[in-house]
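Shared chain: chain A. Partners: chain B in the first complex, chain C in the second.
Take a look at the complex of A and B:
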């Protein structure tokens, strides 16, 4: 049996939005330490790695590991129904292939979501070291991505000389965004060497769904290597995305 | 314009027909007079259409006649939400069924197909699209015709002779004569009982109805016909849909549903290549061992309809990722006709794949014939035996001998090929031990 209570149901709503942006269905693993999920998008270009530890919950009760396979569209639609000032209760009995989702506010509303038996593709996270780590307000990153989307489907991200550059070009024009420490927007930068890589804007903008969980994003990457993008909600837990790079055409 | 075409139509023109011709290649046509094929096409498209037209001229040079409708109805798109709708009737009695079943046209000479189009006289009457909700004799007769399963003798009376305003240019789709309808009467018609059942079910959504009927084995063209006459859907939503839009709507919705289904299947194991040539068109497809995504591209060579004066082949295309697309593809309705052919094939294979389909249109191809031509060619292509390859490069090398546009150009133009080549996957960054 698994039962967990979140003080604010919107946290779970945001978590679901952050996952469903990439994945149609997936398996949460609930165990005594918390809930986690790792899943890849159908094209296997991006991965989401989510964790909500026991401490993030108001109460948490799970005696042994339990897979919870869900269709994220369905869960997303249920979570759309939550309002502010509601608690969330998630409950699954051992023998039932259903997850009870209960909103507790002025009234108590219980949805029952049929679970999927998805088998288990236990993914490990890619083990890569990153040459550059940039910490920036999620909103700044989102605006830069939107700027780039005006002219292209891909964006080149560069970290050098303690600056972050976001550039895109295409038939529709060119755009350059520079984010510096001096302006206060680049909160911190650590880099072993200069780094630059090309990424798909379609995926990047999908991954910005997690900005509702955290005002700060941590972006890590190396030249022509995958990007890791972290969002750490203040209430605990993490949403981490990995995005494979795109090679530049010769 | 000079009556240059009188040279090849002299005998036909002695009947006194007034034929007006337009061409985008004015001087070229005058020099050629249909005889020297200066435009590079295998048949002069003007001659082709004019002959078909004149062949039927004597019989339709009248304000009323009785003929066997295949059965067929047409809903025009101009004036929407009012439409010019009406029966399509040839000026003769007989087994005319094939004249409005594009599925049966595949393999027939272009002349025959053009002749079908020009034999059907289109009566028009202006109706608001929602008139199907109010009923009435005209609308109900048209709906019956659209549900018909065999030719129906139809008496038509026009306000004027259907000879006016037939213009021939060298590139448009063949379209027969039309005239405003005074009245029409369908003697007796056998409607398809499966379609009729959906017609009486006013709580069945149009998408469900079309999908159910398709799965019960009805031809796509029959569904498109009935769909455009608003015989499906919730009673309060029923409306006429211009034939052109209806064809695309049905192709789009049927393929969408098949794609949802094939996403439950494993991906193909290897790269599979199909190729097919037909009437100066070449089609080729690459199925890649990845989850569903799709791209449809056309290369129009100089001298073809969409690229009259270009120096080089004009290549255009549209694509969708795993989750489909939200905007209408620039390339047009053929995108969905192709997607239907692809989805049908994947369903048969019980597999999903990333699929690129390309088409090359040679200058000899006389004129565009409609999206059915693409759908039936794609279907026919997938009946062939695929060549199996280990990687994309080998597929492109193989196709190099089959296609005229070189692989490098396809790669340059194709979002899907570029993505396959340039976009890395997360899997590439796992250590080998992680993948076991």
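Take a look at the complex of A and C:
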């Protein structure tokens, strides 16, 4: 049996939005320490890695590991129904293939979501090290992505000399966005060496769905390697995305 | 050396490797083509050797000689073969070509049979023998040049082929043969040499010693497992002797090899060894991996290769020192046996690189004084065995007899005996030694409706003809036919897979004791799916059955798109093995499909055709519509499917930009897909694709 209560239902709504932006189906693993999920998008370009520890919940009760397979579209539609100032209760009995989702505010409303049997094979996170780590406001990153989308469907991200550059070019024109430490927008930079890589804008903008969870994004990457994008909600837990790069075709 | 070979005399040349056999063959071929406008067929026992020979012969294309490599499916004959001067083929492929009787067979003026000592090989020998016997009947004027390793009855083979035997022990690089025991090698001539070094492990000691003097070592082991573990064992001692620049190049090579094909624990281990200047080499590796190892060894980058004996009979990869680590080998039904001297000499013959080494050393490894004396006596000083024909075995007889009849080389029982009278088997044992086996085979062929007897004449039936062309054992044809006769709808792929695995033509996986129960349980639970009857009692047949089931399950995993690494682990095979099981399965599914056509089993046609494409590509049924596109294999088809493009129509409607978002789909592929499916594409997008420049999305899976 698994039962968890979140003080603010909108946290769960945002978590679901951040996952459903990439994947249609996935398996949460609930265990005594909390809930986690790792899933890849169907095209296998990006991965989402979510964790919500026991401490992030108002109350949390789970005696043993339990897979909870869900269709994210369905879950997202249920979560759309929540309002402000509602508590959220998640509950699954051992023998039932359903998850109870209860909103507790002025009234108590209970949805029951049929679960999917997707097995519980866990993915491992990509094994990569990063040469550059950039901390920036999620909003600034989102604006830069929107700028680039005007002209292309992928961007070149560069980190060098304590600057971050986001550049795109295509038949529709070119754009360059520079984010510096001096302007205060680049909150911190750590880099072993210069790094640059190409990434799909389609995926980047999908991944910005998690900006509702945290105002700050941490972007890590190396030259021509996958990017890792972290959002750490103040209420605890994490949403981490991995995105494979694009490469110049021969 | 030229005992009339250039005048057109038949010749059997039994001399050591790398002593100029190939050169004699080349001169002879040139003479035929340039002076007489002739045509040459060059026979080799292995595909890898065919490729090697093909590359060697490329130098003649400059002077206008057309060379072609005939590979591919047994039932397909490249129609352009007749337009080439030199045709290179494996024995099996050539045999299957002859069954189709192309007109150019009569135009052949020279046939080169490489590695003719394989006449004594149980599985390959009979084909080579029947091929040569039949060819001499079809085209008695052609010259035959047979090349052999050193054997003791080359004169017998020569007499059989009405040719002149030439035997010699001369080698361009002298060979020292010896036995290692306790830091010292005793050579053939009684000479001793102490091997100095700090290593305790004799293999590491011998490796370090030869590398110090700028040489390389080839180690022959009895099994893949010991090749792999030995490579690991000597990794550290070898790495210590590498130069800085070599270490860097090896690191590059190692990471390049990791990116070859799907990643498995075997490829991981290989890459790790290669980084240390060591490699293992066996049939479990993929073709690319083997080629990469061979290339790096030839360029002196890899210092030591631990290989199974397939390498000794296969590609030419000489080394200054050859270490024969195992002289015992496991053989099914027999247990541990000592390998033949012929095989030991083949391995030893790999010692010494022409142009680089002034002498080669072949060393066997002794663990005791008694063993040292045994090895000296029984191998180092011994002469290779005689080669004995294996054609008399029933399984090879029925197939070759059927071919003789369908090719029109025999019209009656007497003709069949006349034909066999000319075989090496009859030469060695006399025709009477296998008369009964021949009669039984003829009986089987007529009772199964492949040959009709009319008066005293033997006439091939349509079934018989097709079976011979399909190049399957008549017994396999019977099993397939009986299975196809079971008519019910919705027969699942596993049933057909189990059926082809039930034929003697399908190689089978070895079943381990711990797997017995699970396979038995599977068999019992699924016996209604089988298209053949189960034997009544347990025993040998039941064990064979479990091997068949295990093999069928591997194929099922393959067409369910299981990752290679999972298959490697579950079935205890290498990637290269998966490939060879898939090749055999493809051929037999094709044969089943052709028989179904002939027997008018209409309901089996579509399922078998689908199964063929699924086996060929290793895909689930849902990918069938898109995998037919050129340039789209299993990986890209899956990527397209996952991204929602599941039909040709979807692809017609898709914009290049959309397709470009999918991993593995670059501009080149998009252009090819669009050219094939049609549909409208905006000018701007088309120019992006046309220019070939652009970017390609990678997959996050590449970094797991």
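Going forward, the second predicted complex is superposed on the first by the 248 of 250 C-alpha atoms of A that agree within 3 Å, B and C clash if a C-alpha of one lies under 4 Å from a C-alpha of the other, contacts with A are read in each partner's own complex, and residues count from 1 in each chain.
Rule of thumb we're sticking to: contacts are C-beta pairs under 8 Å (C-beta built on N, C-alpha and C of every residue); 3 or more make two chains touch, one makes a residue touch a chain.
Since the model is a prediction, treat every value here as computed from it, not as a measurement.
Novice: Using the superposition on chain A, decide if chain B and chain C clash or fit.
Specialist: In the superposition, chain B runs into chain C.
Novice: In the superposed arrangement, does A:171 touch chain B (first), chain C (second), both or neither?
Specialist: It touches chain C, and chain B stays clear.
Novice: Per the contact definition in the header, classify A:200: touching chain B only (first), chain C only (second), both, or neither.
Specialist: Touch partners of A:200: chain B and chain C.
Novice: Contact-wise, after the overlay, does A:128 reach chain B, chain C, both or neither (first, second, both, neither)?
Specialist: both
Novice: Kindly classify A:244 by the partners it touches after superposition: chain B alone (first), chain C alone (second), both, or neither?
Specialist: both
Novice: Contacts for A:46 in the overlay, against chain B (first) and chain C (second): which applies, first, second, both or neither?
Specialist: Both partners.
Novice: Please write out, lowest number first, the residues of chain A touched by both chain B and chain C across the two complexes.
Specialist: Common to the two interfaces on chain A: residues 40, 42-47, 124, 126-128, 200, 202, 225-226, 242, 244-249.
Novice: Considering only the defined contacts, which chain A positions touch chain C in the complex?
Specialist: Per the touch definition, chain A meets chain C at residues 40, 42-47, 123-124, 126-128, 153-154, 171, 198, 200, 202, 225-226, 242-249.
Novice: Please give the residue numbers of chain A that touch chain B in the complex, ascending.
Specialist: 40-47, 124, 126-128, 200, 202, 225-226, 242, 244-249
Novice: Help me check something: in the complex, which residues belonging to chain B touch chain A?
Specialist: Residue positions touching the partner: 290-293, 321-322, 418, 421-431, 434.
Novice: Under the touch definition given earlier, write down the residues of chain C that touch chain A in their complex.
Specialist: It is residues 639, 642-644, 657, 661-663, 666-668, 684, 688, 692-704 of chain C that touch chain A.
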